[in-house]
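Two complexes, one shared chain (chain A), two partners (chain B, chain C).
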Partner chain A sequence: MKKEDTVKLISAEGFEFIIDKKAAMVSQTIRNMLTSPGSFAETEHGEVTFPEISTTILEKICQYFYWSLQYASGKETEFHIEPEITLELMMAANYLHT
Partner chain B sequence: MQAMYIRVKRNKTTYFIQCDPTETILQLKEKLYNLIDQPVNDQRLILMLVGDVLEDSKSLADQKIENDAVVALALRKDDNQFEDVNIVKPNDFYQPRDSEGGANW
Partner chain C sequence: MSCSCVSVRRKYLHKGLLRQLLLDFRYNLSVRPTHAPTEVVIELESQKMESQLVEMCMESATESRDAVEAWRRQRRTLESMPNHLAEALLHRLLGRRLLFPSLLEVFKYCVEEIDLRGESCVDAEWMAYIGAFDHLHSLNLSDCDKINNSAIWAITGMTNLRELDLSRCSKITDAGISHLTTIPILEKLWIPETGITADGVVLLSSLTNLSLLDLGGLPVSDSALCSLKVLGKLQHLDLWGSEVSNKGASHLKWFPRLSSLNLAWTKVTMLPSLPSLACLNMSNCTIHSIFEGEGQKALLTKLILSGATIRNVSEAFIHLETSSLSILDLSNSSLNSYCFLPYMSAISDLDLSGTSAGDETVEHIACVGQNLRHLNLSRTKLSSAGLGILAGFVPNLETLLLSYTAIDDFAISFLITMPLLKCINLSGTNIRGIINDVDSESNSASSLSGLCDLDHLERLDLEETRIKDSALVPLPSFRKLSYLSLRSGHLTDTTLHQLSSNRSLVTLGIRDGVLTNTGLYLFNPPPSMRILDLRGCWLLTEDALLSFQQRHPQIEVRHDLLSIALIKRLSVHSPLSQATPRTKLYTNKKGGPSTSPLRSNRDRYLDQRLKYTREELLAMSFGSASISRDNVDWIPHALATDG
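This part shows the complex of A and B:
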């Protein structure tokens, strides 16, 4: 695991989540940011700030990325979502194209 | 894609680390070294669920570390002691706007 292969996602409250690039790319929005040529500052620093996503939701999203990769490689487990965060999580998922 | 991942937390930062149950804690610390530039000897890992300090020579499976487990990271301070575990939870300082004393600025 190398630093260059990770990205840092920053929540509204300034919490940081360091995850594998491969996991982050489950999100089409993040994939576009990281792979589009030039222009995005995010591409160079490997950092993406989400001023509108709270820490709890962003962590859940990161867990989802990894779950998604595990599921794709044949491990069938359920992804648990607490009812009270469902709406906020759906809005974030919509934004991230996840 | 490896079999599992764990969440290593310190202050306001969380590292998602992919790993295998057969890996040792030392191998895990080496992965962290690549990310945070802190030598393995200056890292201490604690399994949050039970509060145990994890031993370098044991495997993740030995110490009952499962997929999605939360592990705290403590670093060695200048006085050679390890810092206390500190994981900030988002609710700790997310104050509702109408709370008392919230209008200080």
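This part shows the complex of A and C:
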């Protein structure tokens, strides 16, 4: 996988998630960061740091990105969300517009 | 059957009802409620969620009581939650019957708006928690039966509360007003149809920040209105059904910013000049003069005079500046002349239904037809020739309601000259759908084919006409038609099959038709279809209807037999243990709105029903069999398949 096709998402605790750019684009916020013509550091390095999103939540978010792509292509599986994380995930999703 | 399952369906039931309610309001313009349906619209829109994952989290968080327990201790997260998410979560829990007073506490810091309208469980305990919400900006308690004076004691002195709705909380009396006056920043207050008297209204004069005050249905006297003069910021004042007379109306000029005024069902016959006014409702009043007096003329944009009696129109309207008027409702009013119409150059929405307007009135309308979008001429003396006068003069018309007029098939050729028409109502007219009035139907052409040229046509009502199957042949070529309502004993399976090729139909009604089980079995509904109304199709059997439902679960089928079947099923599942709500509901229905001309029965009906649980609904059907038919018709099939 070429480096240009991936992005690195960094959680509050510093964990790094390297995922397909296509998957990350599911989030409108990340899409704007990566495609905006300005000189965002994110655009250049393909790295986005989320100081407000914990590792567990960011992992779930990444899973959701891939699930969403699958779902859009017609594979209708269930995306399970544990009730314990619903609030935090909801807030993260709200921030990421996903 | 799990608890959450029921509540999910209940939610959809509500949505369906609301949507139907909206449709009814938009199209049955003859039934105009005194309370505008705008609130309902807002609620529908607010239920839209912005993102898919947020929606999924919301679903998961409100799935069951256990799910709630899993997150309710995450206090810090809850405190930092954006208020729109917190509010959505709170209302979702409420809708699923998972919200209880002590759970309210977790929303203490993150919620600015709470809408508890129609929740019969909301009582003093709930209010005790809500009183502690630091940032609460808006609170809606309308139709909460248990709210009384001591319950609203809890909101005394709230520092951020700006909007409070206590509509129809009948236990609120003058004593409750003293709790309200401790919130001086209150800007909007709704207290219509409560137990407040003129003495209580006088006390409101200390709420000097009020910009909206709804006192509908309260016995507000002239002197009480006079004492409200100090409310200089008032922009919206609702006084329908009050005891205000001409003397009181003369005090209205003390409100310099008043832009919206409702004086429906009052004894006011003369209104002084109110330069700031934009919207005026004087329906069901006897009007002698409007805005008589010196000074600047009001630039009214909206005037509602439905059911009003105006003896001398030229005298009554002489001071009225009509050039800015865009909405005029004169439905069911009695007037002697329509000579003022040619001066209303900005008119976009005109309702003359149920008036004495005839073909000569249409000539006046044609003069100002340029901006006209919605025109209601139902139950007037209009003829096809009269409609011909409009042809070519109303290029922007979108809605044209002509039900129960004497128009016939010739009118259709005039409709074609109105290219933007979206909604046409031709129910109860002489339209037969056939131009050649010869007995041999074989060589006659369908007049409806003319409507094919109306590219925007979305809704067509043809109920109670003498239309036969053959006349409906052109319908499948209507590209955007999404709503079609037919009601005639002449319609057979042929119509049903013709319409299966119409790809845009969402709602189809073929009421009182002679459809057969075989016809329904062979019917292949278009994929867009969601509602199929077959009420009164007496040849259909329950089995045939149920098997159709099973094959097409996305379609809500309405039929008398299905409603009966539903009640039977429910009665098997849940024994009649709900004695209390039954008696309560029964008295509610009997004593309440039906006797009062001030309220729209249907409005009230539906509002009430939104808060019933399934058991209550069932109890009601048994408790008041005589009036339950209407309810039964409304129950969607989602409930029928429940179980």
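Rule of thumb we're sticking to: the second predicted complex is superposed on the first by the 98 of 98 C-alpha atoms of A that agree within 3 Å, B and C clash if a C-alpha of one lies under 4 Å from a C-alpha of the other, contacts with A are read in each partner's own complex, and residues count from 1 in each chain.
Here, contacts are C-beta pairs under 8 Å (C-beta built on N, C-alpha and C of every residue); 3 or more make two chains touch, one makes a residue touch a chain.
The structure presented is a predicted model; accordingly, all values stated were derived computationally and were not measured.
Once the complexes are laid over each other on chain A, chain B and chain C both fit without any clash.
Legend: residue contacts after superposition of the two complexes on their common chain; A:Ser68 is shown touching chain C, with no touch to chain B.
Set against each other, chain B and chain C touch different numbers of residues in chain A, with B touching more. When the shared chain is aligned, chain C comes close enough to touch A:Leu87, but chain B does not.
With chain A as the common frame, chain A serves as the apex of an angle whose CA-centre rays point to chain B and chain C; its value is 140 degrees, to a multiple of 10.
The least CA distance from chain B to chain C in the superposed model is 13 Å. Of the residues of chain A, not a single one touches chain B in one of the two structures and chain C in the other.
If you check the complex, the residues on chain C that touch chain A are 50-54, 56-58, 60-61, 63, 66-68, 70-71, 74, 77-78, 80-82, 85, 89. On the chain B side of its complex with chain A, the touching residues are 1, 3-5, 12-18, 31, 34-35, 67-68, 88, 90, 93-94. Every residue of chain A that touches chain C in the complex is listed here, in rising order: 61, 64, 68, 79, 81-84, 86-91, 93-94, 96-98. Within the complex formed with chain B, the residues of chain A that make contact are 1-3, 6, 11, 13-20, 22-23, 54-56, 59, 62-63, 66, 69-70, 72-73, 75.
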